[in-house]
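Residue numbering begins at 1 within each chain, and the chains themselves are lettered A, B, C and D in the order written.
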Amino acid sequence: MTTSLETTDLRKAFGGVVALDGATVSFRHGQVNALIGPNGSGKTTFFNCVTGMIRADSGRITYRGSDIARKAPHAIARAGVGRTFQLCRVFPRMSALDNVLAAVRPGGLAGGLRGARHRAEVDRARGWLTRLGIEHLAEIEARNMSWGQQKLLELAGVLMGEPETVLLDEPAGGVNPALLDRIGTLVRELNAEGRTFVIVEHNMDLVMSISDHIVVFDRGRPIAEGPPALIRTDERVLGAYLGV
Amino acid sequence: MPNVSKRVLTGVGLVLLAAAAISFPSLAPNPYILSAGIVVVNYAVLATSWNFVGGFTGYISLGHGALAGLGGYATALLVTKAGLPSFVALAVAALLVAALAVPIGLAALRVRGASFVIVSIALVLILLLVFQSWASFTGGSRGLVVPRPFPGLLRPEHHRVFFYLFSGLLALALLAWWLIDRSRFGLGLKAIREDEDKAESLGTPTFAYKLIVFVVSAAFTALAGGLYALWFGDLDPVFQFSILTGSYLVLMALLGGVRNLFGPLAGALIVGIALEYFKGQFGNTPLHLVATGVLLGLVVMFMPDGVLPALGSLVQRFRKAEQGSIREVSASELLAQRKREEVRQ
Amino acid sequence: MRSSLRRTRWATALGATTILALGACSGDDGGSESADDPIVVGISLPLTGDFSEPGKGVQQGYQAWAKITNDKGGLLGRQIELKILDDQSNADRVVADYEQLIGSDKVDLVVGPFSTRLVVPAGRVAEEYGMLFVEPAGAAKEVFQQGFKNLFYAAPAVANDHYNHLAEYLLAMPAAERPKTAAYAAMDDPFAQGTAYGLKEKLEAGGIKTVVNEVYPPNTTDFGSIAAKIAASKADMIVGGSQYQDGVNLIVALQQLNYQPKLAAFSTAPTNPEFAEAIGNKTEGVLSPTGYSQDAPYPSNKEFVEKYKAAYGVEPEEDQANAYTTGQVVAAAVTAAGCAEQGDCQKKLAEWVHANTVETVVGPLSWDETGKPKGAHMIQQWVGGDIKIVLPAAVKEADFVYPKPAW
Amino acid sequence: MPSGALLFQSIILGLLLGGLYALLAAGLTLYFGIMRVVMIAHSAFLILAAYLAWWSHARLGIDPLLSMIVTVPLFFGAGVLLQRMLLSRLRSATLTMMSVLLTFAIALIVEGLLGYAFTGTQRRIQLGYGSASFGLFGARIAVVKLIAFGLAVISLAVLYLLMKRTTFGWALRATIQHRDAARLVGIDTEKVAGYGFGIGLATAAIGGTALSLDTTIYPSLHWHWIGPLMAIIVVGGLGSVPGAAAAAILLGLMQSLLQIPMGTTWAQTIFYLALFATLAFRPQGFFGGRLAQRF
């Protein structure tokens, strides 16, 4: 059981507000990991730190053994860590297809000048759109899509980058039950194909149904971890949620 | 496949433009009209060059006037001091300005938006100071005379030649813009314009991208400025390094529409004529400034995508009302998202 | 995607329309010459922007010239019609304007704009279209280094010679009384710098030491630091290469630092009617070179001052006079050559001006081959609350006051 | 080597100038803190206020300082309107960029109208005490310069107290630090932002009056001011009022001292050199102000 993403004593404060208070976490490679906890427990800050979006005040961040704490976000993405955003972010004035193609990394200057709609990539992109069931929207601008469609599109974009590890920030946020199931099964499938997942989610049914390993955050640090069965019965977790 | 037809139409547009450009000198009834035409085409080149940064990345530069002035002075000095042939000097000057754009970009692009604008304005002001003060080298306020590349030509002929040179440069700039527009690099740049963090998280090295395109833009701007210097013949810091020039470029590109190839060109035609009109209209009062300001304000407030796209979407709204309504919703959603997103970063 | 079609058409359509628009607006206003249609004189002036103030003065001078000449029956029996465009104090504009005047409006004559910075580009257009170009404002030496054949500066002297009389006077003084040190502050402008540096060269050659030499950009509004340097140097004399407001500011800043030189000379500023009030009426002894005096004895000047006062209610200043002089020079050439239209006529006009001396409101003018006038400026000084000519002795209205009383 | 007297005189002048810079920059950095807006028109309003002061003195014969009774409230209102009517309507995604263009347009309009109303002629208030001064350890201090400095210091002090001691100030600082957090604790950030803009513009009214006492004014003068001011707020750390004030004094002093060896024109470049150095080596500014990291 190798570790995928690992942090040691991660700290981050905004002004006076402490968001991460010495978080030491390790996620398992090849598994579906979940990161849960009440609002403001520092989950999203954690994501932003490990993906380089914001710089932690102190602490180590390693991915598969190599230190990524000082790396730029794009470098971390290229190292194989893809992420979605809590309130999903797509490129509003670009077509769905371009949204996905934007994740293609041009090989050097020559590659950069290659046509964006290179046959092979377009096929791959359409492949992902098809797999997420939004192929018919390929030429529609993202801003003209529904919320759910935008979430799927964002995921398609991330997957286009062929990340080995995918960080999902509230994939179930504001989507209808039908879509919820689809996302659930999709995650399992992709995991079966060898992708590691780290999921921040409030929907307990989803978390319990899809994750192998759960880490519970409270006040910027983990208070419990283990398989769903264990977490379900952990009163510290209940305490954290119910504020007892 | 719609974007095939788009390419075809772009091609058609270019052909028609070429035809217009080639026939203009012979249509122009007198040298003045020809020179006025040169000014407009020069604006078109500058606006298109500006649009490499403004259009692709959404970073607004008010300092491109200075880059043009720099190109002009560099060309002039290479001719007068280093004794290079005019057009060799022009090329070298463009390279020099491009090189200078690297450190400027390093300072301006590392952090987001506001700093870039501030640097772009500061660039104009500091260059003005330097070129004024360093009179021993630049001629300072006494001005710098640029030797004519074609001493033999009479003025009208001279205009004709330069009209073609400017048109050629315009074609070159349009071609380069079109190439980037359809490339992976261009897609990455547009992603930056749409959402820089998101682009970064997808693995786009946004800083490098912004820097490269800024340098390209600077090079083309310098070419336009240098060519202008060769045509105009007299350089003076106060006229070469003016924020107003920069703002005209922004107005042109914005008005025409920064997202499409011909936007800045169209903008240059509209604004070029508008400026003449204002001047005639408001005679010897500075109201032409007010008019320019009002125009810029209106564009920013009501059609940030430019007139042509605005007209386009207007028609479309009539055609598909229901899609229009969806747009409203998701647009406001996006807005809300961005606001909430800020909290977390 | 379809909208790109619209855009494309738009762009090209626009292209076409401009061509037509531009084409149309040129029209055929060339006009064939005949005895009764007016002589159109094309002028571009900075009526807005940074040079607008003097620009307006020059405009009045030209208008006065046209009016006075027309009242006397015009030139060659034809009325004079001025076509004045605003160049917005911008060199690109000034060139476009003369392109339009010569190429599109087909004016018969052109005369110069204001400010050295605009004269050179404008002069180049005129030169390349072979037009006579008499100008009222290009006083810096650079103007005459361009190799223009048709350009003439219609004033007694170029900037560098403005202080010649003062230089002679000072260097003629006995070594004991003569000022020993001088401070110079000049606006970064060819004309203003020219005046100060013309004097500087001569005085340095004469052994008067330069202790401060400051150049400030035209947009300078805070003269505290410059004044501080001058005050600290305790220079015997201060020379300001000023235009108007900068001169006033510098003087006020010097007064604030309580600096009391033996001699203070400023270009242009002290001749301005508002000057005295502007520096709190502490004007006594301030010097200024001038190319023009309302009381100058030249015949045409009396007429000019009278009729100008009648028309505008005020006495003409140097700007107006220079413009009027420009008109006089052109008029003389036209009358002598007997023609006023584009083409060969212009050559004749230029040749005549090169070869002759013209009687003007600033006295008889003649030029060297570069179009540089061969004269010097008078030196005026504030004496008893009024500005009077003190040098050269031949035309003096009052005695030179030295050392200058405290301000 | 400049004499001690000259150095001392230059330091005095530098401080007096720096004080004025501080007041003007405070307004500019305030806007940025509140809305991430680079307010290009700030210096245009500055010149407008100076013209109003000049006009009330030249035409109505009132002491220019009294013109503030009208201009300060007037500008405050204008600031509120500007924020509520125009800036708050821009798409937040492109706010920073578009607001620059919008305020640039406003600057052009103000300049144009000034030129239309008062012509391009350079104006200067002629005060009885215009050239009055008094000695201080061998240096001379001009009365008008001292008045201008006093105005700056007083209004900065007021601004400071306003922000530190009042509930509105608390709301304003909250809005600057974390707009949405502020909204969560029940602050009407829109309203606060509006008033914040009003205050910013009010400082322009005071600064303009101070400016008019001792310098020439002309419509296009604002370009001469906006550059140094922008440099100051970046060096001070975008959005940080104390930072701006500190940077202003420092740079004002340096400019004044550098004029001794370098001359007026070169001395002005210090602002831009400081600007570039700051962005290259310490984008968040040298006096705090963490906002700049992301803007």
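One rule holds in what follows: a contact is a pair of C-beta atoms (placed from the backbone, for glycine too) under 8 Å apart; a residue touches a chain by one contact, two chains touch by 3 or more.
These numbers were taken from a predicted model, which means no experiment stands behind them.
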{"item": "Fewest hops from chain C to chain D - one hop per pair of touching chains", "value": "1"}
{"item": "Relative to chain A, chain with the most remote C-alpha centre", "value": "C"}
{"item": "Distance-to-centre winner among chains (Cα means, whole assembly as reference)", "value": "B"}
{"item": "Geometric centre distance via CA averages, chain C-chain B, whole Å", "value": "37"}
{"item": "Centroid distance [mean C-alpha coordinates] between chain D and chain B, Å", "value": "31"}
{"item": "Distance between the centres, which are taken as Cα means, of chain C and chain A, whole angstrom", "value": "72"}
{"item": "Centroid distance [mean C-alpha coordinates] between chain B and chain A, Å", "value": "39"}
{"item": "Residues of chain D engaged with two or more neighbouring chains", "value": "115, 120, 178, 223, 263, 265, 268"}
{"item": "In chain B, residues with contacts to at least two other chains", "value": "2-3, 129, 132-133, 285-286, 288, 334, 340, 345"}
{"item": "Residue numbers of chain C (touch at least two other chains)", "value": "1, 48-49, 52, 188, 215, 217"}
{"item": "Contact footprint of chain C on chain B as seen in their complex", "value": "2-3, 5-6, 9-10, 12-13, 16-17, 20, 23-24, 27-33, 35-37, 39-40, 129, 132-133, 135, 140-143, 145, 154-156, 232-234, 236, 238-239, 256-257, 260, 262-263, 265-266, 269-270, 272-273, 279, 283-286, 288, 308-309, 311-313, 315-316"}
{"item": "In the complex with chain D, residue positions of chain C that touch it", "value": "48-53, 188, 214-217, 219-222, 224-226, 228-229, 231-232, 244-246, 248-249, 252-253, 255-258, 277-280, 282"}
{"item": "Sites on chain B touched by chain D in the complex", "value": "58-60, 62, 103, 106-108, 110-115, 117-119, 121-122, 125-126, 129-130, 132-133, 243, 247, 250, 254, 285-297, 300-301, 304, 334-335, 338-340, 342-343, 345"}
{"item": "In the complex, chain B residues that touch chain A", "value": "2-3, 179-180, 182-188, 190-191, 194-195, 197-207, 259, 323, 326-327, 330-331, 333-334, 337, 340-341, 344-345"}
{"item": "Chain B contact footprint on chain D (complex, rising order)", "value": "32, 36, 38, 40, 86, 89-94, 96-98, 100-102, 104-109, 111-113, 115-116, 120, 178-181, 219, 223, 226-227, 230-231, 234, 238, 263, 265-266, 268-269, 271-273, 275-276, 279-280, 283, 292-295"}
